[in-house]
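The following pair of complexes shares a single chain, subunit A, combined with subunit B in the former and subunit C in the latter.
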Partner chain A sequence: MTTETKQGGPRAATPCLAGLCAGLMRRDLAPGAPWLSTLPVLLGAVLALLLASGMALAVFYDPRAAQASLRFIALEVPAGWIMRGYHVTGAGLGFVLLYVHLFRMLLTRGYRGPAAAGWMLWVTLLAALLLAGWLGFALNGGLGGYWSLIDAISASLALSGPAGGVAMWFFGGAPGDGTLARLLVFHAVLGVAAAGLLWLACAATRQARPAPAGRMVAFWPVYAAQAFAALALLALVFALLMCFAPHWGQGAQSQLPASSLAVPAAVSYPWYLTPLAGLTALFPGAGGHALAVIAAAAALYALPWLDRSGGGAPGGLYRALTWLLGLDVLGLGLSAVCPLAAGLQILLFVWFFIHFLVLTPAVTAMEAA
Partner chain B sequence: MVDHTADANSVPVGESRRGFLAILAMAGGAVGAATILWPVIDALNPDAGSEAAARPVVTVSDIPENTARQVMWGGLPILIRRLTDKQLADNETVSMDDLPDPASLESRVAPANRHFVVVVGLNTATPCALEGNTPSEPRGDFDGWLCACDGSQYDPLGRARRGPSRRNLPIPRFTFINEAQIQLG
Partner chain C sequence: MMRHRFLAPLLAAGLLACGAARAENTLTPLHFQSDGWRGSIDKAAAQRGFAVYQSVCASCHGMSGLHYRDLEGIGLTPEQVAGIAASIKLADGSAATPDSLFKPPGAVNMGGAVPPDLGAIVAQRPGGTRYVYEFLTGFGPAPDGMTLLPGHFYNRAFPGGQVSMPNVLRDNAVTYADGTKASAAQEAADVAEFLTWSSDPDLAERHIIGLRTVIFFALLAMVALAAKRRIWREEG
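And now, the complex of A and B:
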């Protein structure tokens, strides 16, 4: 065997592969990262599964007979029920991973300084996935999705000015035969965009990571083994949910056929949309909903600048308030499932903004002092 | 203390074990990924109903002589007719000059199954359904098919013979999968 042959092979033939291998072997990571740092990897795997199953579903999905075509997919298409299971359970688990990762970033102040760009990309990813999730809820063709869509379109088209123009462009006018076909395209585009956003967010977070001091390790094999074990655990949970709780968190109305004559008293959303539904519930009309969503998004985007701490580990009070925020978001979600007292609903809504706009600047400045 | 080297020239035992575990993990991961992704690939196969509708199998062995069976395929009425020996002999000797759309017997039937004619049962002049599938229905002067609307007449091979129709009945794509069954498409 000659030296040339020894140095050949797939790595030499594909510089990208060689670069990837070199990157995986480079010792530039601090050892002992917690298991929760694998969340972006897991989210990437779930997004890949959502894209693959979404592609298979789109082949047979008929927007003009949404629920009938989904029933057809489940019963007639080879492995169709598995594709539905992948997509439904993947959506639910993806949001679990995303919410936990964002909460962890809040808890550890992973949004400060150079990581601000990464944080904003994560918030954008959340917005894209929430919109994609809502479109998926509508595309399901269930009673809840149908009326959520009708309400959204009717209220949006009543808007005037540029907001009305954007709504008209997005929904394609009044609800009709082509509405779901149009939203299917946006759903798919948002799914692909989410994968790109995840990649960008991970890259930005990696760039912002401080250079570790002392002994360093490479991704391969230390963190590869960690990610592999985490993926195996995720696959186990995924399989259990898909097989034993296929309709987990979907909302009862998702299983009822859409009907223009059966008007539900309140739309039951999938669990991952409930915090957003709780946030917007206090404001009637599309304008009010849009205002609440924009205000919440603005608070999240502005967080790196609202945090007044110069650096250092987060203090106990900040951590306690962050846990309280988590409970507040859970409460907002709960308020969309079962009606709460009006005062409590207002308190939950107001607390969300007080946390970001008042408590975060005050507590972080106090702890930095 | 454990001796990590078997001898001076061999790979250290620790590295060998690590390599084995890495290969085992990668193999397990590959199997897991394939198990997850295989249903995605399988789901892109056509469903059983579409496949059956796109390429239906029709049993022809029980069609009586001088009778046609109609099946719907791709929205078109397909007529499958079993010819008698006399019809075969009579139509083999028809002069091509007498036909508006000349076609020999060999071009109208499968060589190995000459007793069956398979045509699209729509008149080629005005696209309406034809009569003559059973001997009790009107069949025209050529004992084939007749269009009651415009009077077009076809012989048992589906060739245009009289009336406004100037083209033979089209022959759909089909295959004899055995002596008793044909598959359309």
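And now, the complex of A and C:
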């Protein structure tokens, strides 16, 4: 075989590979993007790991004996503890990446104008991953997840009308032997959907990029080198957490067996669900919870139109308020871990909506003027 | 005494007949080989701890998920495991095999309190290994002014101070085959190490793999950062 056929063969056979290579070498990217712009790539890597380890776990997981089968995986399945570690640590770190990326989009106003479609996809991704994360919390079979699920099912089955119908379809009726088997399917479907959503969100953001102007660079090797270094750092943090803090951020009840007799005073959530838990805590019942979630999602979806600034760069006041919003969300999370004074809890909740519905339009209009 | 029913066959099976190695002193000051980020299971202690579990605790507490063959994880040979299993009578009267799950205890209910499964107890209690040790050595006379509920015992480590499990560890409650002196505190430390293993059998492997992986990725990250800086200087 000559070198010629060796080189020509695969390229002719795989034109899309050649197209991909050409795309990676095209000089259409502005130089000097910050490290944080690698977050979507890192999230993609973590999602891929979650899907792969999730498939491996699903082979051995038994929804009818959730915690016992997870113990079986840890004790009996070769490298089972590694699969669990990938999945658990991947979920925790994935949410770190997602929250930081969303915060950065808020801070840099990465949701405006043509990027609005991308922003809405990111918000949808957040919703999908939060739901998948909550289902994972329930599938873990720990005491907290069990009671969170029981509460959610019994509250939502009390709903009437179409909302009750949706809840009935989702949970498949009163909690029983088949509930977790059903939710496992949703968990997996949401995981795959999240990968698709991430891809769409990145594609939409790419579409919204300003036309190339001035000196441009190609992905290869400039941003490939950056992404590779970021991935190596992520892997370092991943290994540290997985091997030396395997229960990090999972909530105090995740190790306790689910039991219908031991009713915890309060469910302790994994850290990434705490802001959501804090946001919904003020409204009892499934209807109230759903309302709070829908209102928060609506505020996030509407953000591109709530921002009245036109094209200008974000001003100092807007940035300060965004940092305050970050603290507000942290506070909401904290309120789900240790109960705060009722007044403070209400303030945190109300502030979240004031930020989007009142302050954002007012401050952006003021700073644009 | 019923508790010793298991002990003779265990010893006969040659359990712990691995020489006269004496326990390293883990009691003063109290420390466990499994402590910390480089911790691993002290297999000799875990084997002694299994003897304590089997002869003292197993009549009340189960160990869900564990098979007798899993004891190879604390350094027992397949022959020793087979001997241990053969000495255990299952509920249907047949002898256990290495592939049997640990024999569950009969239904025990002490004044409404059911003994918890000990399989993952170290992961389930704040304080882990140390808490189990302190719980097992925490029995004593109730302080003045404390009225014990009926069927309860004072324990200074247990939240609330009153527990329905009696103090079960005494000096020489077991005889250790490796010659270690079986003080009550030694038994408590050994069974705590055994329960640490059963909660987290991959502890040692995880720490070793973790250390190697962290070193590898730290080096890789340094190289990748250097490469990135260089490429950006030339192209960026």
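Points to keep in mind about this one:
As a working rule, the second predicted complex is superposed on the first by the 361 of 369 C-alpha atoms of A that agree within 3 Å, B and C clash if a C-alpha of one lies under 4 Å from a C-alpha of the other, contacts with A are read in each partner's own complex, and residues count from 1 in each chain.
Keep this in mind: a residue touches a chain if its C-beta (ideal position, glycine included) is under 8 Å from a C-beta of that chain, and two chains touch if they have at least 3 such contacts.
Here the structure is a predicted model, which is why all the values come from computation and not from measurement.
When the two complexes are overlaid on subunit A, subunit B and subunit C sit side by side with no clash. Superposition on the shared chain A places subunit B and subunit C such that, viewed from the Cα centre of subunit A, they span 50 degrees in steps of 10.
With both structures placed on the common chain, the touch criterion links A:158 to neither subunit B nor subunit C. Residue contacts after overlaying the shared chain place A:358 against neither subunit B nor subunit C. By the touch criterion stated above, A:189 is placed in contact with neither subunit B nor subunit C. In the superposed pair of complexes, A:243 makes contact with subunit C only, with no contact to subunit B. Of the two partner chains, subunit C is the only one that A:32 touches; subunit B does not reach it. A count of residues in subunit A touched by subunit B and by subunit C gives the higher number to C. Using the contact criterion defined above for the overlaid structures, shared-chain residue A:235 touches subunit B and also reaches subunit C.
Look at A:83: by the touch rule set out above, it reaches subunit B but stays clear of subunit C. When the two complexes are overlaid on their common chain A, residue A:225 makes contact with subunit B and with subunit C alike. Closest approach of subunit B to subunit C, taken over C-alpha atoms in the A-based superposition, is 7 Å. Overlap of the subunit B and subunit C interfaces on subunit A comprises residues 72, 76, 221, 225, 228, 231-232, 235.
Residue ranges of subunit B in contact with subunit A, taken from their complex: 18, 22, 25, 29, 32, 36-40, 42-45, 47-49.
By the touch rule above, subunit A contacts subunit B in their complex via residues 49, 52-53, 55-56, 59-60, 72, 76-80, 82-83, 86, 221, 225, 228, 231-232, 235.
Residues 37, 64-67, 70, 117, 119-120, 123-124, 126, 201-202, 205-207, 209-211, 213-214, 217-218, 220-221, 224-225, 227-228, 231-232, 235-236 of subunit C are the ones touching subunit A in the complex.
Of all residues in subunit A, those touching subunit C in their complex are 31-32, 68, 71-72, 74-76, 81, 85, 217, 221-222, 225-226, 228-229, 231-233, 235-236, 239-240, 242-244, 246-247, 252, 255-257.
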